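Structures are listed in the sections that come next.
In what comes next, chain A is part of two complexes: it sits with chain B in the first one and with chain C in the second one.
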Partner chain A sequence: MAQIKLQNIAHSYNANAKDKKYALKPFDMTWVDGGRYAILGPSGCGKSTMLNIMSGIVTPSEGRLLFDGVDVTEKTTSERNIAQVFQFPVIYGTMTVHDNLAFPLVCRGYDKSFIKAKVSEVAEALSLESFLTQSARKLTADQKQLISLGRGLVRDNVAAVLMDEPLTVIDPDLKFRLRRKLKEINQKYKSTLIYVTHDQNEAMTFAENIIVMDDGEIVQIGSPAELFDRPKTTFVGYFIGAPAMNFFGCEAINSNVINFNGTEIATTTDLSGVKNKDLKLGIRSEYIQFSDSIGENTILASIQSVDDWGNHKLVTADFDGNIIKIKVKRETEVPTDKVFLTLPAQHCCIYNNEILL
Partner chain B sequence: MNFKHKYMFLLPGLLVLLGILIFPIGFTVRLSLSSWDSFFPGLDFIGLENYVRLFTDDARFWESFQRLSFLSITTVFLQYILGFSLALMVWKDIVFQRFFRVLFLIPMMTTPVIMTVIWKTVFHESLGPVNDFFSLFGMTPLWLSSEGLSKVTVIIVEVWQWTPFMFLLLLAGLLSLPKEPFLAASIDGAGPIRKFVYVTFPLMAPISIGAIIIRLIEASKIMDTVYVLTSGGPGTSSETSSFYIFIKGLREFQFGYSAALSLTYLIIMIISLTVIAKMLVKLMIRS
Partner chain C sequence: MRTFYVTLKYIAVTLWSMFVIAPFLWALSTSFKDFNSVTSGATYIPWVDFEPTLEGWRVLLRSPAQGGVNIVEPYLNSIFVTCFASLISIALGTLAAYALSRFTFKAGFIRNDDITFFFISQRIMPPVVLAIPFFIMLGKLGLLDTLFGLVMVYVVLLMPIAVWIMVDFFNKVPIEIDETALIDGCNPYQAFYKVVLPNSIPGMVVAGLFCMIFGWTDFFFAFILTFTEVQLLPVAIVSLNSSITPWWSLSAAALVSVAPLIVVAFIVERYLSKGNLSGALK
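The block that comes next holds the complex of A and B.
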């Protein structure tokens, strides 16, 4: 295991062209040893490129990659002692489960007794011990993906286990079990797990820290709660959460009050230094409350529709042309016409040029 | 609704099928039960007499069949080994990759009969350049008139002519393989040999089986090479089944008997290719 440091790393697939376009814009980052990370972003945002740079499949056009302070930028994949799990399970179909798990150790010339002990240990951790003598080809997709993971875990001191959308081909109920298994593995082996996905639920339920990417750059790094409560940009607000965060145009009146369509809304954000009056108010639909009467931070909106989402209702309301989404508990009585909505000050996020103040 | 008019649309296809497949097979079956030859032309009925003759009194056919089995299995095996090696060579980024890809295909683009005539000249025992070379070492191998070497010559020409076809199929297969298993093997620390044994070869197995079966079907029809190169000789030492059927049917004009030979050959080929395909699947995929 190792601390992985990316120093001013950037990558362009046409690095020598005049109008070079970055798949990954220059950035610095340190992956803490033993951490559980998710890289989240839409397709084409550069998340797989970042992963492939760390595994050595792609050599970055700029910057350096350090494993425990050692420069590995130019080293090949096999020299880096890294494990990678791909989107589709990769198994050696002609081998048994045991031989699959033993393969990385056999290639590295370990002795038989060590291999046997290590394979048994990993097979037990992955609940594969009863399949060891079976042909790997006959297992289910999730078991095959566990074998892919297991081949990374049998090796000692793997710098990190990189996973590129590893649960894409797995059934939803198995996905949940497999994510839990990954967490257990992380706790047992203290290995750094880096998980690439475009599914926010996967990222939120798996990672301690999520790296949100957009258009080749890191937009925000934070815990699931931080990303949900205080998205650093409007992109993160839109991308994280279902439904996306509500955003409305507003302007600052004084140090912590904004004008939202003629209604004064207090916030906890210090607006004293803000010169731009053209701001955005962002608030999660989960934090908007129904009120009985007008009060502080309250607006009067008209109900447009109510959608039943199973465990809760999604109310769509209109406030002078601003469409507001409110998530309420299933048993909540929703008025049919007008409704008072309270926007709690501590949950009002103010954005200047799409960036959180 | 009435869909009876659908038969009108099916009719052209059915007529073509009837004309080019069903009628010829049916006619051959009927012909094989007759003694039609150049002396007594006509569809008389002699029962299974031709088949009795084939199974009891025609060692030449069975010898030619054994020879065909040897020639086709040997040539296809060599074509597979060479074709796979060449495909592996130009699969990866190498210098002049495109040039080599086209170069390896040239034999397939030539006309087999003409190329066989050229090969016959090359292997000519007194005038050919091959024996010019061997004469430097005091040897004059009889490439075309020795019982053993004539088969070797047929194999060389067949392998030269048809290895490009195998190369083309296998290269297409290699280019369609997913990258991930190779990356995973690199990450696992596998070297080139382990990668080939555990990744490339197993992934290529279904394509290899398809290519081998296609070539076996083609190779079992070997006729033009033998006809031009050795005419089945010396004696009958390089005669194959199709060449023997050709002799019986179109040289000796024993149409009834050659029909019986053709049908027997067809049935044996269907059975043996099915068995070979199953064996290959068991050997290359399941094991």
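The block that comes next holds the complex of A and C.
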């Protein structure tokens, strides 16, 4: 276990070319020992590259990587003592489940009694103890993925367990159970877990901290609640949450009031220093409320459609050409024509050049 | 309707089996015939149509001095040359294929695919193009008419097959398995022989089967590069022929020569049916 520090790390797959293109743009980051992280972002945003840099499969073209203050940038994968679980279960098909789990310890020359004890412990934690003598090839996809994970957990002092979309091949109900198991493992072994995914639900339910990436850059690091309530960029607002955050063009009037299509909306954001008047108002569909009458921060919109999402309704309304999505409880009575919508000041996020103020 | 299709299927399989087995049965029957039974029209059933004799088989075991062609020594020679050449080809071919599959090579305009094609291109040439260079090279090395010389030539002929099959096999093996082995604590060499190699046995078995078939059945180089000291089975079988074609001993020799390949095919088939050749990795 270790604190992992990425110092000015960047990577380009054509580092020597004139038109160098970064797969991962320069950034600093520290992974706290024992933390549970998720890296979230669309395909090709640099998530896997970051993971491969930490495990040593990819050597970064710039920057340093420190494990507990020791520079490991040039060290080989095996010297780093890190575990990685890939998208598809990687098992050694010619070995038994026991031998698969024991392999990292055998490679590192541990004695037999230690290996036996450790393999039994991890097999029990992963509910694999009844399969130990079976050929690993004959197991189901999710059991194979548990073996991949188990190989990472048998080593006591592993710096971190890196997981690259490990539950892609798993059935939805099992995904839930495995995520819980991962959390238990994190609590039991106190190992740093870093989980790459493009599925926001997976990230939200698994991690204490989420790193949102886009186009080779870290856009925001925060808890699931922070990411949901105060997305640092419009990209995060679009990417996190279903439906995506509502965004509308607006204009600053004074220190904390904006003009949204002729209506004054109070916010908690200090707008006094904002020179650019061309701003964006962002608000989650969950925070918009129906009102009986006009009041502060209230607009009058016309209902366009109501979609039944099972546990709630998604209302689409039109406010002078601005399409607003509102998520309401399913028992809520939705007017058929016009509706007053209140945008609570504390939930109004203001963006200047796509960045949260 | 279903019964109809099943019946149709059985009829098709039976017809195909007869088509495949018939030449073997004919050769088996001929190997027990004598001159008269072969030349006096078609005969089928032993003891009814013709009187079976072991003469065709005895010729294969008699020395030339006794009027036979002893095929035991050529047989052993062929086994030795085919097995050794196949083993060396698989060993070298697997290493070459792994490198071509996992590392990027650049030399001018040449890339990995070009190098792979270069290996295969050795098999595109007609064998006769290679005969003279091989003859001269083996002559200079004093390896003409020796088993070692033949093994060397056969390695050159068989390795492209091994490389071709193994490159394709390794390309289908996910790179993650190598990476996982590295993460688990192997160095690159250990990752290859502890993890990748055991998982590649299915590919090596298939490549080995092809190498053995091509090596075992080669007549051309066995004929050109040997004289009196060393003889391989295909050459020995051809040398059975004389002014009167001895169909009985040729048939017996043909059956004997094809037997090892059938045995190998059965072993591989058993291996295949155990599911060992598929799903080895994921």
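To be clear about the criterion, the second predicted complex is superposed on the first by the 357 of 357 C-alpha atoms of A that agree within 3 Å, B and C clash if a C-alpha of one lies under 4 Å from a C-alpha of the other, contacts with A are read in each partner's own complex, and residues count from 1 in each chain.
Assume a contact is a pair of C-beta atoms (placed from the backbone, for glycine too) under 8 Å apart; a residue touches a chain by one contact, two chains touch by 3 or more.
Model, not experiment: these values are computed from the prediction.
Peer 1: Overlaying the two complexes on chain A, which is it for chain B and chain C: clash or fit?
Peer 2: Chain B/chain C on chain A - steric clash.
Peer 1: For A:90, using the defined touch cut-off, is the partner it touches chain B, chain C, both, or neither? Pick first, second, both or neither.
Peer 2: After superposing on A, A:90 lies in contact with both chain B and chain C.
Peer 1: Just checking: does A:55 make contact with chain B only, chain C only, both, or neither of them? Give me first, second, both or neither.
Peer 2: both
Peer 1: After superposition on the shared chain, which partner residues are touched by A:107: those of chain B (first), chain C (second), both, or neither?
Peer 2: both
Peer 1: I'd like to know which partner A:82 touches here: chain B for first, chain C for second, both or neither.
Peer 2: both
Peer 1: Figure out whether A:151 sits in contact with chain B (first) or chain C (second), or with both, or with neither.
Peer 2: A:151: touches chain B and chain C.
Peer 1: Determine where on chain A the residues touched by chain B overlap those touched by chain C, and list them.
Peer 2: Residues common to the chain A contacts of chain C and of chain B are 55, 57, 76-78, 82-84, 86, 88, 90, 92-95, 103-104, 107-108, 148, 151, listed in rising order.
Peer 1: For a test of understanding, state which residues of chain C touch chain A in their complex under the given definition.
Peer 2: 174, 176-177, 179-180, 182-187, 190, 194-195, 198-199, 201, 279-282
Peer 1: Using the touch rule from the top, collect the residues of chain A that touch chain C in their complex.
Peer 2: Checking each residue of chain A against chain C gives 55-57, 76-78, 82-84, 86, 88-95, 103-104, 107-108, 137, 144, 148, 151.
Peer 1: Show which residues of chain B lie in contact with chain A when the two form their complex.
Peer 2: Per the touch definition, chain B meets chain A at residues 178, 180-181, 183-184, 186-191, 194, 198-199, 202, 287.
Peer 1: Per the contact definition, I'd like the list of chain A residues that touch chain B in the complex.
Peer 2: Within the complex, chain A touches chain B at residues 55, 57, 76-78, 82-84, 86-88, 90, 92-95, 103-104, 107-108, 148, 151-152.
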